[in-house]
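Let me begin by presenting the structure, written as structure tokens, before commenting on it.
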């Protein structure tokens, strides 16, 4: 049986460039038919597949520093392929890990809203549709046919704009190709980021920018070898596919939990 | 009026008194049903849950009723497998309580999901790797077992028993009850455990995550164990409450004491295991993930280290100490305290494993999430309690739940109806509390 | 005396004197009298057949509403006129998307004027073409919104024929009645004509399992890095020996189902 | 749930899990069937020798 | 045969068995689940043919190129245009959510005429014909009475064809009162005029600069053309360019900068001069430029050396002298240093002294009209319409003084002083304003001291709004003549300020107009035609589209094809030809501004005893504070430390909060000499103690429920402070007191 090498789509977000402008959040909402309500100031009820967190170093004036951290779904690979925190727990196979692309899918029509996946996700990247999605009269005109609007009572999350992958594949089929070029499949947030802080591509492909930026170490579940790169909660063993770059040490440290006198280098990946 | 339906040789209150009692509790039940319908029709926005608190009071109630309902399987195990015949006096009631607990649990699950009409996906499209799937399957199957165990009791109603088919059915089922009970124990072991697994496998949540063997985290075994330990306490507690309310002795002391003794040793061993587990988690598991014990118990208005103390010491070692001593078991007050503490303890444990898990931040820049249920959540959580009280009332009135009742309460005067006991409304509350716990 | 009366009497007797109501042989005798199996079996059969008729015959009639297409359409006639077969009207766009049912724009080339004298043609030109209104066709094969179906992948990529999924619609001379599921709003063609869900041809049904049937055989083969534990591998081999081809070695992209990943067909 | 379900895979996990489930269900099913049939037979025969 | 209980039971059992064997239950179960997957009230977006249309975004003055994705005739997504010189694919949060404005509930569907009292929100629909003739009649009456100068226009811009059509209309009609909304660009224009003698816009070559000294400019908070600035900031990340941000609050820009230097608010000018002091003293300046191309350096040098030594500047600014010296040194030693000013998004012009002082720093390092420096960019003169022929009435009207005092004896250099308009109307000292047109602006929201602005508006008997959306101004107008939304119309988008190279974007209809709206350009032409005479003659075009095509000439084709036009042979001017002052050189101390000795810092409103704290605004790219407010998506992105429910948060240093006994999240009452507001407290270490910061962009009373009624409009709490030289608004804050609420 002939095997082909799987892709592993991932993202590198340069926090030195990220300005916290929020374009990624809105590009995502606009791309993915994300609903909105009159009051979205309660962030525990606000669906934002891509959420930009504001981090502070906690020091008093004038040594304070802030950094923004955009958080999409991490599309965790886990300690063995597909052992992401959420995929294994979904009782109805409504969320799934795709080995071909490394993308964690969410099938809204399969989901019956038990919310176990939300409980399992340490990144809070999963959102529940507490309400029916309602668009003001006429506004449903801008809804994209490429992403199905979700109904009340199901969980949703970032899909790495998988429909864009599908669209790129369709085009490729028309042109008699099977392979996609690096720029043919890019997520909406990557494309919109005015600072160019987000890079998206195949982490298994040494020619792709994402690979060159972080140089994932295949022996350690893709742990970045670039000293400025880190992943969120690396030591939980979720093995996320979203990498962050920061030249500031305090930012890299905020990315994970450390004991008081522990240095970043000492941490070990926990077997999850 | 309904005396034909009432078991022979026992006294029951008059029908109107009974109906009054049912209608009072029924009103509470209707309130719960109303809230439940709201949740079904309008969706889960009726609750105070949110994206941080995806699991909340319902899941806790679910876990708690299953834990305390564990008395059924454990008593069944002792009675049918280990042949502890003393427990004959209480086994029916244990089954009934179990039946109520498990049917409540299923009901709660039915409104806890965002898409109730798709609920069957959990069976049809089952993901066998999910602890929740295991819960759903074992729970439903075990509910089937409890129904099977409950059916003979129903068939023993005086009028039903007259139908030869039912009479024989009841008899035949009794004959092979050990087989059913054994299946029930098997299923119970897994679903009690998998409920523990639900939290324990969350490797993204260091507060809940536990190591274990194969696919089962330690919480898997701790949950089964604690249910087996504390479930009988709940059975004893409800029996004691029923006895108080009906002002009658219903179960032989020997049965209670045996159950209490076994329960006591179970609690003791459980709480030692739990202590070791907590110790290992606090000193090895959590630090390896970069967190210390106190990270989970500080910087928030509710969850302090007191909760750990309350769960392990006050509601663990204390009831264990009472129940393993003969003096403690024999002393009515001490027994009351012990069973209440044990039940509270297991409920705290379930609370911690659901609600505190959700509250603790994982990302270093995240914050504690506090939560208080909406009235709809409270009403729907009380709903099973009301339902349980009604079912207990009906069963007690029309079914021979307590085989030793007539022996313990010989009837002196023949037309018994007038001087029957009246359920004082004050006692309702007393009954509400532990059943809901 | 019916059993019901019998029972009532018993209860009445019970209320009167309890001591009498031990399982008296007299009553048992009465029960026994009625215990001829005949009616019981007969009623069982009546119940059985009634419900079977209800489920298999009446239910589908109630479940589906029948709708007529706005105008009739003759595929045979059109296929004869065009050069590229189906793709002449149901074409692919440059970006790989599929145009589906033709819009007025395409029809207008030939149908600016009334062609022939069929009443449907007259209606088409007068009601739609000249008014510039799109024909509200009822689409038999319309999939729900959650489905992502790439015609390009199937036709261009896998070289499949239209017939495989759509049947011989191209050989039809008129459009059949459109049946709509009253609950779901789906076309009946998705579930299939047979209420039991049985099918003879590949195009008889268009539910997920029907897609899966084909996908199971023609799924993408991906090198799985460390999916399996040694026990799983062992079992794999054992199963492969008993049921060749069913083992999961090197199958589709989904970690959970080992079929094609969910996102392949869902959006 | 069934080997013909979309989600079914012939692997250890499914065999163990669903095996356990079907095993339990089978016992319950056979047990209940036995009781019902025996009760029906007993009832027809008027078999009333036992007391409880 | 008797139908007894057992038979019935048997029937039921048979029925149950049959039902189990029939598809009924199973199919119903499946269908009910499918029903939940297809709930008729969950919309299903219609599929169709995808297409892309290039256009330009005009939601702010940034001028980004956009590519709109369409499915059949619906616009479904706005993306940044790849290859556009300004944004190259990126787009800001507001631009991305533009479709929510296009299809949103705040659109004005048809011309509306007020019914009942103003601002009550009661309208009647009128026809375009009726609307235009009503305006024509009113204007005609004024003109007949010789009061043509009492008509005025507030416009969002004075560049591009539509503002120029307004200008043309007003000229031939006979009123000097076209007022543009002000910004830092006004100060820069004035600075360039005074110091370099040119009428030009500033152009900053950020992409090639390697040391940015920003006096509070929100480089990544929406200053200038926002997306271009984001991109520039990323360029510096790659090239190692340094940014030093000087402001009292840790803004996003400060956080992104290489060094944040907190400064006492309002003392930026002193710091600029202090830096100049060090540069001059250590002879780090560009001697060639100073010697050959500047004038007045010696006077200025003396002034700077005398008064702005590091120690005294340290006292004023709160920055220690060592930092000032180091900063001056690194600025002067950088190969392409660039100093910029304009606080936050630059919505307030600020003090002219500050702007000239900062500009002088660029001159000191000789970075004027040089790669990596600041350019004086002349307007691309593509609008070359024939001169209008004014009749006597128009000529008389045009002779009148402007109501806002721009160009008057007091403020001879200023072109627009919109900030002075409310006071001019309210005081009634000149002449009343009898008709006011508002286009591309929302003064009732964006102008400071909202109460005074409202009062002034109430005094104008005839207010016409051209807004596409029901904004605050439209709400308080007598007539709304809704423009097409920006995605429904053709319009030229002139070079955004700050861009060194001229780029003209073309906004074009992505979708057909959804409602009964009309292009404002067309309305002006119709209006002119309705007024007849030489007014009509001045507008010979049949439609705005024709006008635009004709105006753009050969550029039109390029713009249609590429979506924009950029100057093909743009060249850098030499220093010899750069300066058009009397001396022909760069003027360090322009005589016109008066003696350097009279240099005074801006005094803000309020006294220290009653108002112990200082309130400053802050800008965020996630809070649109211009012509449009936040669409729902952008509101959704606003942090819960900025807005919670309807309460806005002020930022307060924990120390200051402690002194006032305030905790995180607590309600407080904020009062300034201008207004009061209830706010919540957010503790933020990144703000200087003694300061209170409030975001701009909230507190709308118009637009939709997603925006209106949330938070406080900063402009309700602050009033304008007139700059003594320019007359522009120089307020950077206001004194404030804070009490528990």
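Order as written gives the chain letters A, B, C, D and E; numbering starts at 1 within each chain.
As a convention for this text, contacts are C-beta pairs under 8 Å (C-beta built on N, C-alpha and C of every residue); 3 or more make two chains touch, one makes a residue touch a chain.
As the structure is a computational prediction, the values presented were derived from the model and not from experiment.
Engineer: So which chains count as neighbours of both chain B and chain C?
Structural biologist: Common contact partners of chain B and chain C, which must touch each of the two, are A, D, E.
Engineer: A-C versus B-D: which interface comes out with more C-beta contact pairs?
Structural biologist: Between the chain pairs A-C and B-D, A-C carries more contacts.
Engineer: Per-chain C-alpha centres versus the global one: which chain is nearest?
Structural biologist: Checking distances from each chain centre to the full centroid gives A.
Engineer: On a C-alpha centroid basis, what's the spacing between chain D and chain E, in Å?
Structural biologist: That pair's centroid distance is 75 Å.
Engineer: If you average the CA atoms of chain A and of chain B, how far apart do the two points sit, in angstrom?
Structural biologist: 40
Engineer: Roughly how far is chain A from chain D, centre to centre by C-alpha average, rounded to an integer in Å?
Structural biologist: 46
Engineer: Take the average of all CA coordinates in chain C, do the same for chain E, and state the distance between these two points in whole angstrom.
Structural biologist: Centres of chain C and chain E (C-alpha means) sit 56 Å apart.
Engineer: Going by the contact rule already set, what residues in chain B reach two or more other chains?
Structural biologist: Answer for chain B, listing residues that touch two or more other chains: 115, 118, 121, 125-127, 129, 133, 164.
Engineer: Going by the touch rule set out above, which residues of chain E reach two or more other chains?
Structural biologist: 32, 35-37, 44-45, 47, in rising order.
Engineer: Counting only residues that touch at least 2 other chains, which ones in chain D make the list?
Structural biologist: Residues 6-7, 13, 43, 46, 48 of chain D each touch two or more of the other chains.
Engineer: Would you pull the chain B residues touching chain A in the complex into a rising list?
Structural biologist: 43-45, 49-55, 112-116, 118-119, 121-122, 125-127, 129-133, 136, 198, 201-206, 209, 287-292, 295, 357-358, 362-366, 369
Engineer: If you look only at chain B, which of its residues touch chain E in the complex?
Structural biologist: So the residues of chain B in touch with chain E come to 115, 117-118, 120-121.
Engineer: State the interface residues of chain C toward chain A in the complex, per the touch definition above.
Structural biologist: 92, 94-97, 144-146, 148, 150, 152-153, 156-157, 220-227, 249-250, 253-257, 261-264, 266-267
Engineer: Per the contact definition, I'd like the list of chain A residues that touch chain E in the complex.
Structural biologist: 14, 16-17, 19-23, 25-27, 29-31, 33, 36, 38-43, 46, 48, 52, 54, 56, 58-62, 64-68, 108-109, 132-133, 135-145, 148-153, 188, 191-197
Engineer: Quick one: which bits of chain A touch chain B in the complex? Just the residue numbers, please.
Structural biologist: Residue list for chain A touching chain B: 42, 44-46, 53, 55, 69, 85, 88-94, 110-116, 118-124, 126-132, 151-155, 232-233, 235-238, 253-259, 262, 267-268, 270, 272.
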